[in-house]
């Protein structure tokens, strides 16, 4: 296993990363990446064990209890993302075994190696997509979806772009999979493989700046903001033992499906915890303001607690109805996981509206730490930000900084997009939920309630 | 145990029941009561066993599995209501034991006797209440809340009214409990006891007529409509061994609280099943109309399935997190039960709106069975109510009758009120949910997410 | 002009009306029709003037002020429906003039005659429709949409059914129009004409019974419930001077479109008034219960008032932005009319939920007038239904009867369907609203706000 | 009148402004203020006229048409804010005339002088407030609400803080008014006056940084972001001719009320325009992606258009029902203005959720202009950001920059708070709406519909 320091060093591997219009010479030292790399390095150190040990977080959970225990473990985003990738490869590997046994074998071998090498991996799925009204093979630019442009004795050459990739600049491996189902004439687009982040032809453009300035004023974003990447594959060579799928169009969606499943499973517990945290923040700020007994404030917090409870109910139902998969890993129940994820995403904005509405304008206008340290204004601000003897002005200001970072800062925006669009957007979650809902049982319930026999 | 026939005969016990402005001479034979009495008699026959057996449905479930199994058993409403009353007496009996041990003993003895006698009981809780802005002791009419008007060596005399009582005309016993917490000066209102339905001074006014005419046109209401009762207690004597609480104001709410808990626990599984049935009905009617692939119809059904899934998730979470109570019976988790019940009640109207919107106007204007049997119109109606070779006009008409009975008939209205107000109304469910929500944990989550220590 | 008595007499014209599986011998005397016929007769008497006068309500409004004044006039439903039909014929007549000038002439002549004869007319638009996934010409039963089965020198023969027709049994004329746009090969379905209610081959099946029993207990339904009709046209002959469209498929939808416009225009003011009435009823019942100052009740009523205000705002905006049509009549603005109608329909259920939630269970269980008149129960019920010296028990009971009739009676269900589906259902209103929304302006606003020039 | 250059020069008046913990030496040159000062200077130049002219935008509109015309004029935020202040002073001045005629006179004189001097003014209303559960006079810190600490022959001395003040650093005058109604014993808190921004004792702490870096990537925020100010009054002297209210507690709320009215009136048209712009942006991005015909996208855009239409309906209804006030200026109707403002604020988040959901992840991850200018990545990004021949990659990227700035950037957060909390927060808007709603009329409607006479 690697230590955090070894991890940092491993990033100087020739990768081509761009930020703000310039190539990044020293990834580990670049201001935009300091925070997520520190988090990832911390993760290495936390899970480090001597000898041939394997990272505890990355082992497949093989029972409902193990799954629940895994849900309760804390990990940095990069380690969690790696877990999602490895589970996806195992799950999808089994599903494609009938038509591409060598793909299943490659996936299993890759996972075993990844655990041994203790590397970190990110998923890259979303293509540039071109005109959404047309399929891949009909695009005016054939590279709008990543594709195989040549096949050689030793591997394939791929070209295209993958968007919305979190943490790519600080990962070792990119999991490249098709973004959707493919038709028979789209064989070149049915490609799944693993590509090192420093492979020739890979360009990683980092987009979105993390909070800057005095990070004390951005208490949440300062530790959670992850730059996104726009990755370009300029005719990148991938050897066969890293190719999991190549041309088996009937299985093009198997990877995306497995990924969606693990992504949503992983995010539901997180969403439940966050919903509770937002309720708690609303209650803290109401108390700090002396408003916790006002009727409309209480009603809003009650609405918020109801929402948080329902998100957690979906999580509980999903865990209580999980099933062991053929590959040994346990999956949470998909119906409840998708319904809960949808609910959490759909109502996130309303939760934030309530929080802001309760907090009031200081969520925007709370002074900075620097203002507090300025002798000409510090004591006055502390005086006026206080509300009662037991609520200090600086404490309350920090609370508002947190509210701002939860609701209206650029971190809040970054996070809102993740909440809403992570795992495919509201519609994707609805479609999957609908696909798992048991309509036959519902129709039988309806017939029973109506005194109807079956008609057809 | 009693048979259905013995149960019917038992109702001729001198009880005073009124309907449509007249006293009912023969309760078992009255048109308004035919349906619920048939259901109750059927319940007796279904659960009947020889010898000293006890009704299976009425035994307290003593493990989470038993609770789940009980939830899956089917029973008529009167038997289910009796179960709710007996569980309430056991639960509340334990809670009052410290201040009124003879009340606990009376409750336990009453339950044992009830099982032995195989009687049916209904809960009566809601008082007339007078001016809601004033407490019981401040009302212009002191009888606005049921109270003890005299205490004697052998028992108490009670006066007042209890409203919104389902199935009282066909039950043997009335469980009389305070509707809310009482203050110290309201001791006469802190009365809980059991009163036979035929006790002198009890007048049962039946309100609300069940579906009439050709019951084939009311397929749901014809089997589920229960007349409500307005019960007046004109100085009714209750012997001490039927008095569970008398004057211990600190425990006035213990009975209402226990009842609310068992009511909501009992109704959540029912609500989940009903939500699925409404989804199924929407799908059936969309298919019968040939509309199941139309985008906005699919989206509405998806919304409905999401709702049904979340109600069931709350039920699953509630069962998975139940706890054994001191009295041996297992209670579902209250937080999830209340949140789920609230969700089901709050969104019931939207479910019906979607169903109606999908069904269209025939939910109102589908012809009657008599119209189908009229030779001048029958064939024509069948022709025009059909939609395709495999969807017969009469089948589709029956489906619309069911939709009507689910959405807009007087039964639908009766049921909507039960959904919305059963167990205390939306606000009551919110208040209980809020009381069970763990705000301390939520605040700690907020502090952790914000990098805040505790301030106070 | 006719008097009410003359109107009643005019209904004995040989028409074939069916109810409850039997032909109705005396329409004016049938129990199901008493209420609407009384309302219609009252309308005749109210608007009656001597000589050659024309019904004031039926004259086309020719300015925004006249339109507003017309909106403020009260009329019975049959007279209002007649107005809607005549306006529809004038509007659609003008629109088809280019391709069928004789149709425009027939429409104008018919309207003039209708005013002179002082008759009443109802619109019949919805066909049986068969399989909604197939167009008229592809149905397994070609009569699923009403069509011309023969053309003769003197007129056409039509066959089919029209559903969801209000008040047909008590009208003189049926306006028959296509339910939707037709394709070129569906010429036989592009038929619009006027058919007397007593024309040979017309069978009117009345569906849905009005409130029965003691009508004092149904204060709203007793005066507003209108039975719906299912009308069958069995090879009905229509002379050419009553044919407005025959085969001009490009104009098949012109009548439906004009009708939709006048229907929604007519119903928006009504919806605004009703929304206010529901707010008022909630406030009255809260006051009668002594609950008007409770926070959650106030919040609910505030939500209701907000909704009522927005519905009225749409009406005000629609009137303030009306336009004179080529035919001289002023039309309210369609964009606002549709948006307002959609809002009113979509939120009607929530308004009723709030009303019920505020009223509580007595909305279902308030005793009947007969119970009040029963000497054994009357005084007791009055005592217990009272809440304070100034709120009498009978007054409060009547208030609950009204709440019941607004929310959960079979009249409430009948009305809910009208609210939701009248004028075509929620989706139809959305589609029309979308069609009127100015997307080009919106896109320009977006470009201006974004600093974007135009791209395409 | 002043030119833009004269305005810039006028800001070097000794004012004490702080930002990022340091005093700002040159306000007009400070990076945080460049954008709003440029906008304000542009406003001066736009409205400039020679001679004794008065700024057109600042003249009170004296008819409904003038009001509508004023609503259609464009102005920078500082000029618009000045208009709001002057209207507020005139309106409130009239209302206090009975108890403080010299206050009315002072207000009128101040307004006339302000027009003559062509100055800019901002409103300062929100106090620090301390413990919201306590009134001003009961706070542990008596300065929690701004108050008069001394009265002298020539004026008063005030102390306290005003929060959430937009653009104070670049205005000439501060309008200081009580934040709420005051009780009789709170006379020192009933103070309204005008204070120059550079008055001794005034400290202006600027909070919140505008977008930084390459402003091309922040197309909306770069022109609309206004830093907020936290203003401290350290024993500031105000001469009597600038004091509008001093101690007349019965009129403490008159200024806040007048301000709320003008604020909401001013913001409703803006909200309607913005809602349309968001619809347009959603349509533009759907078209750029080739998704404009996908059913769920169309439905979302229809929902958005419905919302925008209803906000505009409220504006239209408010204008159509405006009334001339005693002071000559016309006020839009308050009921509709508040209902519309509430609707716009409450649903703003949902509008943004729909926009984001339609746009997808590129709202976050669209590359920067610098990335496009980097020769190693520019062409590739342009290639992959394009979707079809007619949609250029750079155009689409700019569109996403605008979407980001509308939804998730720090500007979007700043704006969301303004939308939600401007003019007092959702609850304030509800309270005012409720106060203007005609409950008596609604109750009469209810009685009429129910066949009830009046009871009380």
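The letters A, B, C and D name the chains in turn, as written, and every chain counts its residues from 1.
The rule is short, and it goes like this: contacts are C-beta pairs under 8 Å (C-beta built on N, C-alpha and C of every residue); 3 or more make two chains touch, one makes a residue touch a chain.
This is a predicted model, so every value here is computed, not measured.
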item: Over-half contact-pair match to A-D, picked out of the listed pairs A-B, B-C or A-C; value: B-C
item: Between B-D and C-D, the pair with more C-beta contacts; value: C-D
item: Separation of mean Cα positions, subunit C and subunit B [Å, integer]; value: 37
item: Between subunit D and subunit C, distance of the C-alpha-averaged centres to the nearest whole Å; value: 44
item: Where subunit B and subunit D are represented by their mean Cα positions, the distance between them in whole Å; value: 51
item: Of all residues in subunit A, the ones touching two or more other chains; value: 296, 391
item: Residues of subunit D touching subunit C in the complex; value: 219-220, 223, 273-274, 276-281, 283-284, 288, 298, 302, 305-306, 308-310, 312-314, 316-318, 320-321, 335-336, 339-340, 342-343, 390-392, 395, 398-399, 401-402, 405-406, 430, 433-434, 437, 439, 441-452, 455-456
item: Touch list for subunit C against partner subunit A, complex; value: 295-296, 299
item: List of subunit A residues in touch with subunit D within their complex; value: 18, 20-23, 126, 128-134, 140-141, 143-144, 160-161, 163-164, 203, 205, 207-209, 212-213, 228-230, 232, 234, 289-291, 293-294, 296, 346, 349-350, 352-353, 356-357, 360-371, 373-374, 376-377, 380-381, 383-389, 391, 404, 407-410, 412-414, 416-417, 420-421, 425-427
